[in-house]
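Next come two complexes, and both contain chain A; in the first it sits with chain B, in the second with chain C.
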Partner chain A sequence: MAVFLELLVNGISVGAVYALIALGFVVIFKATEVVNFTHASLLLAGGYVIARLHPLVGFWAALAAGIAAAALVGALVEFLILRRAHVGSRGVLAIVTIGVDILLTTELTRRIGTEVLALGDPWGDRVLRLGPITVAETRVVALAVAAALIVAFLLAFKFTGWGVAMRATAEDAETAALMGVRLGRVSLSAWAVAGALAAVAAMFLCVFPTPGLDRGTAAAAMKAFPAAILGGLDSTTGALAGGLIVGVTETLMSGYQSELAFLGRGIGDAAPFLVMIVILLLRPSGLFGTKEPARV
Partner chain B sequence: MSDSTPTAATSTPATPTRPAYRPAVLRLPARPIRAALWLTVLAAAVAVPFYLEGFWLQAGLFAMSAAIGAIGINLLTGATGQLSLGHAFFLAAGAYSYVYLSSDLGLPAPLAAVAAVAVAGVCGGLFSPIAGRLKGAYLGIATLALIFVGQHVLFNAEPVTGGFNGRPVPPMELFGFVFADTPELVVLNVPFGSLERLWFLGIALLAGAAAFARGVLRGRPGLAMNTIRDHEIAAGVMGVPVARYRAGVFVLSSMYGGLAGVLVALVFQQVVPDYFGMLLSLDYLAMIVIGGLGSVAGAVAGAAFVSLLPQLLTRYSDALPLVAEPGSGGVSPAEAARILYGAAVVAVVLFLPGGLAGLATRLGRVRLKELKWAKSAPAPASRR
Partner chain C sequence: MSGEAGPASGGPGKRGLEVVGLEVRYGPVRALRGVHLAVPRGAVAAVLGANGAGKTTLLRAVSGTLRFHRGAITSGTVSFGGSRLDGAQAAAVVRRGVVQVPEGRRVFGRMTVAENLRAGALGVPGRRAAAARERVLELFPVLAERAHQRAGLLSGGEQQMLAIGRALMAGPSLLLLDEPTLGLAPLMAARIADTVRQINAQGTSVLLVEQNAAMALALAERAYVLEVGEVTLSGPAADLAASDEVRRRYLGVGAPDTDRPVGTDPGAADGHQSHERHERTRLARWTA
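Let's look at the complex of A and B:
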């Protein structure tokens, strides 16, 4: 039972980190209807800046720099490429983001090489004992920070002018533009926000118990894709739920690996995708996604 | 509006002689020229193994296999607008099925190859409940599952897949003719090893695959697919069974993937799970964007570009600036190639809509216009 609880708590905190990534993904999709495959490399960029800067300026300044860098990269991708691509379908824009992703990931993994970069976080490998279960401090912080950020964003969507503009654009871009919403700014800010969230997530993905930032981190970030889609691509609540489902599934499957030996080694990595397939079979637009009714 | 006014809708069908649908292709002036062009291409392709060394043959064979796979994914992504990141999975399905069926079940090689393509199609069919219902980039994310689950199976189902080290591929054998280095064969003083022999098989397969896809794209299915891509609801209203078409094209494209997998396995002579990862799927998407979405020629051009680039950079790395030897710390040829074609994808979408095939068409049109003008315009002297 203690093992189960421990795995569950770990799963929830990892899930919260996935939810952060998925949230950025959903924000971009809502604001611009672009499925952003660059997300994994934004995350890698943020993590890389933190890892390289922390010996020079200390962890907190490096974290701020990493968040700013990832936001800047996101904004630049929107401003320099997507805004200038005049294509008929959103599907082609998705492929453009794949092109950008190939560029960024290749360059970043080349720079990282075979190294495993530490992030110099203040929590180290300390663990917290809560009754029968032990949890890494980083996991607790991750859960708290992710929860705070997600709540802040949900509130911002509801109550700030930026959030209203974003929601109006998602609802009907043309009408929103006629009402004075500046679409360029909305999508630029969406990309910047998504980059910033990805950098925070990168930090939590690379600290204890993970050894550090290496070239496999981008693959870990891939798990946010099923998180975003199984919750529903256009739903912030869905991103939250999807992240938690993916995190818990992954952690439980890895934790009980020895009992699940018939499924093979490393089932934890494939499990989120299996869950995604099952959910998509039952609900093609995700758990919380809106099913667009078409009027003909 | 009174009844007597002819509207645009009623006046258009008045020209029944013109075919309703004219795809944008490079139209050469006359039939004989086109036939001569094709004969030249064919002759050049047949002559290649007699003049070029093994490196070029292998590079060419990889390009042919990539072209077959790219035609398949272009039917899906380019013509129907359905994104797929799972194409590598279907290549793996084809390659591994061929190995399993011919070595373990002892099927004759050609039969095993056909069955392997069928297996890839069945895999695509099993995914069709999702492929039929999801659209565009949504499907792209869902197909990521195929890659991750596929990799998991390839690494773990060791009795069938050989695990991490993969399995050797038995050579193809057609009517007693073995596509391998033994028995020795010398044609016109050129020793014909496995690469030379496979070259002709590759050309035949690619030509067949291209012809079939062309037929699909130019016929009613092609029209339906393009309509689904351009306006799903309009397609449905006009009587196109959207979900069935999406699922069907997904199956067809996975069979193309399977065929490409069989060919690549025959060239490699060893199948390893690492090859069939996420990066391969991304390569395929890069190919069709660079070549041109929705056309067979585009898929072939893009496949040649993306699959030849890393090999050329590797071969000439010491002569190129900025490209370092693999492992020396600089930009390795493989990385340089990835950076180049990542940039090419972005550049094509920004500056060259239609890709390489679109560029060729436009150049062809300009030429034709010049040609027509030169023919029809009277000499400047008489105009005065």
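Let's look at the complex of A and C:
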């Protein structure tokens, strides 16, 4: 039972981090209808900046710089590439983002090389004992920070002018423009916010028990794709649910690896995608994909 | 209904909307050709025309939304208050005080009524929004009652009120209305017409696109008839309402009394008898 609880807490924590990534993904989709495959490299960029800067300026300043850098890279990708790529279809734009992702990831992995870069975080490998279970401090912090960021994000989405502009654009971009919403700004801010969230996620994906940032980190970020998709690409609630489902499934499957040996090794990594496929078969628009309450 | 000067026609030097020699294309399709039109400050102008005549295209050209339909102004100019609007982004047009209520209402169905109104004020400074909100809720009390309901659940008439209220949140000097009474029951259509009159009385000029010619001609001082992308008739609304051409094609042939435009005084057209003859001869020439 203790094992199960430990796995569950870890799963929720990892899931909350995936949710941060998925949230950025969903925000970009809502604002621009583009499926953003650049997300993994934004994350890698944020993590890389933190890893390189922390010996020079300390962890917290490096974290701030990493967040700013990822936001900037996101904004630049939007401003320099997507805004100018006036190809009609969203599908083609998605492929453009794959191209950008490959470029960025190639450059970053070349710089990382075969190293495993530590992020210099203050939590180290300390663990917390909560009754019968033992959890890494990093996991607890990740859960708390991710939850706080998600709440702040959802409040902003619901109550600020930025959030209203975002939702109006998501629903009907032309009409939003008729209200005086500057679509370019909406799209730019979506990419910047997504980049910033990805950098925070990068930090939590690279601290204990993970040894650090390496060329495989981008692959870990890929697990946020099934999270976003199974939740419903245009739903913030879906991103949260999707993140948690993926995190918990993955952690439980890996934790009970030996019991599940008949499914083959590495089932933990494949599980998120299996869950996604099953959910999409049952609900093609994802768990929380939109259904209009419209009456005409 | 008669004079050029509405209750708040702005200063003498302030120019309204001026469309000159406008041509619009959607790729190879030419949707408008050589369109001239003017809406002086404080005035209501109407544009009539059959389906596909180019009415919506004209409004898109003014509001800067042609690009959403892969259309473009290929010649001519659009200006408001003396400064050019053609080439401007939609948001910039809103900041100049020209706001469009789109065809088919297009309320944000997943957002609440209050949020829709808030969205309407996104293009203008925050402090102006509070005052605009009060004015809108006074004009449409039902929107206050439904403030926290999802806009998608409102009736068609309520959605139209919301769409107009939302546009008024930006405090426009010129309101562009695209078929506001389409699909509404006569009573609701008459209410919308009343509202347009009220909005105009408070100093906002209106460019009204309508297939309900009777209503439009009753509201407007000047009217334009678009046919296949060209203005084929234009003149004082009362004259157009009295012309055989318009009566036959847009008001339906019938006894003059039953066809009288909603809200007009039966004697209103009398003062224009002399004009009418003049217009008729022009009409004949234009439609030849």
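Some observations on this one:
Everything that follows uses one rule, which is that the second predicted complex is superposed on the first by the 290 of 296 C-alpha atoms of A that agree within 3 Å, B and C clash if a C-alpha of one lies under 4 Å from a C-alpha of the other, contacts with A are read in each partner's own complex, and residues count from 1 in each chain.
The criterion applied here is as follows: a residue touches a chain if its C-beta (ideal position, glycine included) is under 8 Å from a C-beta of that chain, and two chains touch if they have at least 3 such contacts.
All values derive from a computational prediction rather than experimental measurement.
The wider contact with chain A, measured as residues touched, comes from B rather than the other of chain B and chain C. In the superposed model, A:L188 lies in contact with neither chain B nor chain C. Of the two partner chains placed around the shared chain by superposition, neither chain B nor chain C is touched by A:A201. Legend: residue contacts after superposition of the two complexes on their common chain; A:A62 is shown touching neither chain B nor chain C. Judged by the touch definition given at the top, the superposed model places A:E171 against chain C, while chain B stays out of reach. Residues 294, 296 of chain A contact both chain B in one complex and chain C in the other.
By the touch criterion given at the top, residues 63-65, 68, 89-91, 94-95, 99-100, 102, 106, 108-111, 115, 118-124, 126, 150, 152-156, 166-167, 170 of chain C touch chain A in their complex. In the complex of the two chains, the chain B residues touching chain A come out as 77, 81-83, 129-130, 133-134, 136-138, 140-142, 144-145, 148-149, 151-153, 155-157, 229-230, 233, 237, 278, 282, 285-286, 289, 293, 331-332, 335, 338-339, 341-346, 349-350, 353. Interface residues of chain A facing chain B in the complex, by the touch rule stated above, are 34-35, 37, 81, 84-96, 98-103, 106-107, 110, 219, 222, 225-226, 228-229, 233, 263-267, 269-270, 273-274, 276-277, 280-281, 284, 294, 296.
Interface residues of chain A facing chain C in the complex, by the touch rule stated above, are 161, 164-165, 167-168, 171-183, 290, 292-296.
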